[in-house]
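Each of the next two complexes has chain A plus one other chain: chain B in the first, chain C in the second.
And now, the complex of A and B:
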């Protein structure tokens, strides 16, 4: 009996940590897809970029954990703006096929660039001394870094929800997701809003990539390898939603960890089957706009 | 009286227009002349040539659903891989007769297409994209885990393919080349008949305006499912050709890379005119053969860059470029 409890506690714990990383990386994708209706398969590129910058600053230049992660986030945001202005913008309102092709092209380029700049191997990631080792919570010990991930994730999620619900920028985004033309006609600068939302989403992805480098290793094929998980989070959660992807990420994180723990021989098969069922039941996702 | 005559004339001219559309244009012989010529000009590259011909068939099948029915799929490798594995398993377990192997592979792939299509074609947009991707990934995972049957990540080997209609598969790939060429030709004839038939025209209608097709009473879902199943069968034949001629099946036949690459090849040649694959596939595969020999990493970079440039500057691929060039020349003249 106690074994079952112990197993479910560790599944929940590791699943939760994984879910936080998934959510951070994917939430920006949900917002940009909901805002611009843009099928952005290259979103993981920003996560990989953030992860690469953070890990290489830490291991090669001895920069501290927090500044390295911040540098990763800023770099991704700075890179995302010209990309949005020059490439993505041309294809707003174009058919999905063109959007898919453009972003697949970007993913391919990022895979080659990652291998060229940082080599083919996964980047080593060492959490700072204060966050490594084990921490005692109640009667059990848990890895400190993953506990930190869960707490940090929870704080960020709360901040994001509050920001979207309470600030003017958040209200503008919600208005534009609901009805872009109406938002434009009441004087909201949707063009600037798109760029800002895109940069914010890319920054969050970079944060997720950097913080989650221990769970999703930073390697050249990162954006391609984990693409399907990011897409599952977004499509199951519902486009344009901030809350939906959170629950979808929780579901996916815990279910994935559970299946891999209990039925390792089936790999991720059940996750895909589950996604299929959910999307057939609710094609717009669990929390999507009907 | 006059109105009656007018309808009569219109009906006749419509029938005439359809007949003219279906008539062979001299330029349609070009790919076949080039393919036969290549056999004599490049005798050392016949193995690559056979691969290209088989992949053209894969691209042609994608063009049927993407170009004509407007279904964007990220999982077309599901059907291709099914065909490859079925043909491979048959040959590895004592039935190496290639032509019947092709047909059985086509049936199996059509079954996968029909069942998965019946499920995923009920959705649209991002959800449809996701579901096609998920179906292919599920098959990939299944093939990976069932390593007692498929050989898993090591791939399926030990295939024994018998001579095709009395011709042995030779080391230089001469038999393989002709085998792929004839199969491609027959499949192309079928595809050409389909797209010029009333059924094919209704697919274009669905692509252009789904609501209107619903309104005039077209069974949209069944039309889509039909072409999805046909395309799946053709993709299965293509996969089977590749596994029979290389005598090996790896997990890659079901991978996202495979689905993505064929999409790219088709785009390079232009979507929705039946010949995109005939231009895009050789272009891509010959470039890949040259570049990847130097460095496969840079190859990915260049193909990504080409893709971005094509989408931004030449959205309809080689076909669009040719079209624009022809129009510019006409304006000059």
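And now, the complex of A and C:
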């Protein structure tokens, strides 16, 4: 009996940490896909960028953990603005295939750029001493950094939800997601809103990429390799929703970890089976409206 | 005007004479290299390619006059046997290569067996390690290593050292399974007990090994034998074992050399100090032939963060074998003559120490060393502290050294 409890605790813990990383990276994608109706397969590129900047600053210039992560987030946000204004904007409302081709092209470019700038090896990520090692909670020991991820993730998620529920900006986004034309007619500057939302989503992705570098290693093919996970989180969660991807990430994170723990040979297969089942039951995702 | 009437035909005559004279002594041997130059496993391909190119570039003058080797390289993009087979077919039928080599991945090496047999084109593995691969065609030979070669002696060594409860965790493909079988067999034969086994999906779906290593930790073994293909996964495993505090829980990790590829060691930090592995090559070996090899590497790739690893050393030796044969035959040979040479090839002074091909299996026979990671002058250094002896591809010690 105690073995089952121990196993469940292990699965929940690691699953939760993984879920937090997935959520942070994917929530921006849900907003852009729901808000702009734009299939942005290059979303993972911002996560990778955040990770690359943060790890490079930490390893090569000895910058502290918090400033390095912040720098990664700011860089991604700054890069996202011209990208949105000059490239993405042209294909709003365009045929989805065109959007896919554009963003997949961006992904390939990012893979080559990553390799060229930082080499083919995964970037070393050494969390600060304060967040390394083990932490004792009750009778068990847990890796400190992953515990930090869970806590940081919970805090950020709450801040995000509050931000979107309680601020005007959040209300504008929700309005534009619900009905863009109506939102425009009541005077909401949707085009400026899109840029801002895109920057926010990219910044969050960068945060997820930088914090999650321990779980999802930063390497050139990052955006391509983990794309499927981000897409599953967003489609199971529901496009345009903020809450949906959270529950989807939880489901995905815990289930993936659980299957790996209990049935390692079939680990990957069950996630896809689970996704299939959920989407058959709720084609719009758990909380989708788009 | 008149001068031109004399000069032009004279020039033409000289040119024709020159053209007629040239082919008689020139011989270009075309060699197909099926490597991995893109995709998530590109790093391993890069290590092999560098070793191969290093020998190729620095020994051009060793070839007899008029004999050239032309490398025709193709990208299999990873462990994709269908792609590798197609590339091999094209290299043989369209490019008319006389030899096929490269092969980072065992599935790819195995897939070209029919091409090698039908075309009578020798296929030389510079890395692909699955034991049964070379048996699939009489035209296949290997200069790298096999997993049982290292895992079997390791199992015996570990049990003799006093470890009693082992857990094995390997990647789900041929070398992984061979490694697990060999280790478990040897460990059990020497009195140990294998309390559990686990298989990592390959290719890995996410690089997070935490759930697997947590499960192993929960089972409380005293020793864990892990095999993952060399490269980024090795670092991920080491870091996760530190995250989960294996040392604090008295769980020792042990592996074959794939867990400590030289180019990744700098990334692993102190997690790796004290780790014991069985292997055939480390760039830290003080052997003179290795020092020369590493010096040549540093000269060819100055400032490179990538240290040469076993893939590089194996590719280097493989190229040497090819060069020696091409020099001997001046580039004119049949597939059967090539196989005859390769089967009996040996190099008593390679960067790995003495190596030779076993004529009965066409597989490699070489020294296996027990190594420990130590910290010297602030750097992690792999120290060979024991030589097990010449071991064959099945893991049997053939002679002690």
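We take it that the second predicted complex is superposed on the first by the 288 of 290 C-alpha atoms of A that agree within 3 Å, B and C clash if a C-alpha of one lies under 4 Å from a C-alpha of the other, contacts with A are read in each partner's own complex, and residues count from 1 in each chain.
By definition in this document, a residue touches a chain if its C-beta (ideal position, glycine included) is under 8 Å from a C-beta of that chain, and two chains touch if they have at least 3 such contacts.
A quick note: this is a predicted structure, and the numbers were derived from the prediction, not measured.
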Q) Do chain B and chain C fit side by side on chain A after the overlay, or clash? A) clash
Q. Taking the superposition as given, does A:260 touch the first partner, chain B, the second, chain C, both, or neither?
A. second
Q.
A:180 in the overlay: touching chain B, chain C, both, or neither? Say first, second, both or neither.
A. neither
(Q) With both complexes superposed on chain A, which partner does A:43 reach: first (chain B), second (chain C), both or neither? (A) neither
Q: Using the superposition on A, tell me which residues of chain A are in contact with chain B and, in the other complex, with chain C.
A: 115, 265, 267-268
Q. Tell me, which parts of chain A touch chain B in their complex?
A. 33, 39, 87, 90-91, 95-98, 100-102, 104-113, 115-116, 224, 227-228, 231-232, 235, 239, 265-269, 272-273, 275-276, 279-280, 283-284
Q | Of all residues in chain B, those that touch chain A in their complex | A | 66, 72, 74, 119, 122-127, 129-131, 133-135, 137-138, 141-142, 144-145, 256, 260, 263-264, 267, 271, 297-301, 303-308, 310-312, 315
(Q) Which stretch or stretches of chain C touch chain A in the complex? (A) 39-40, 42-43, 46, 172, 198-201, 205-208, 210-212, 214-215, 218, 232, 235-236, 239, 243-245, 248, 263-264, 266-267, 269, 305-306
**Q.** Of all residues in chain A, those that touch chain C in their complex
**A.** 3, 6-7, 10-11, 14-15, 17-18, 115, 119-122, 124, 126, 133-134, 141, 143, 145-146, 214-217, 219, 221, 225-226, 229, 256-258, 260-261, 264-265, 267-268, 271
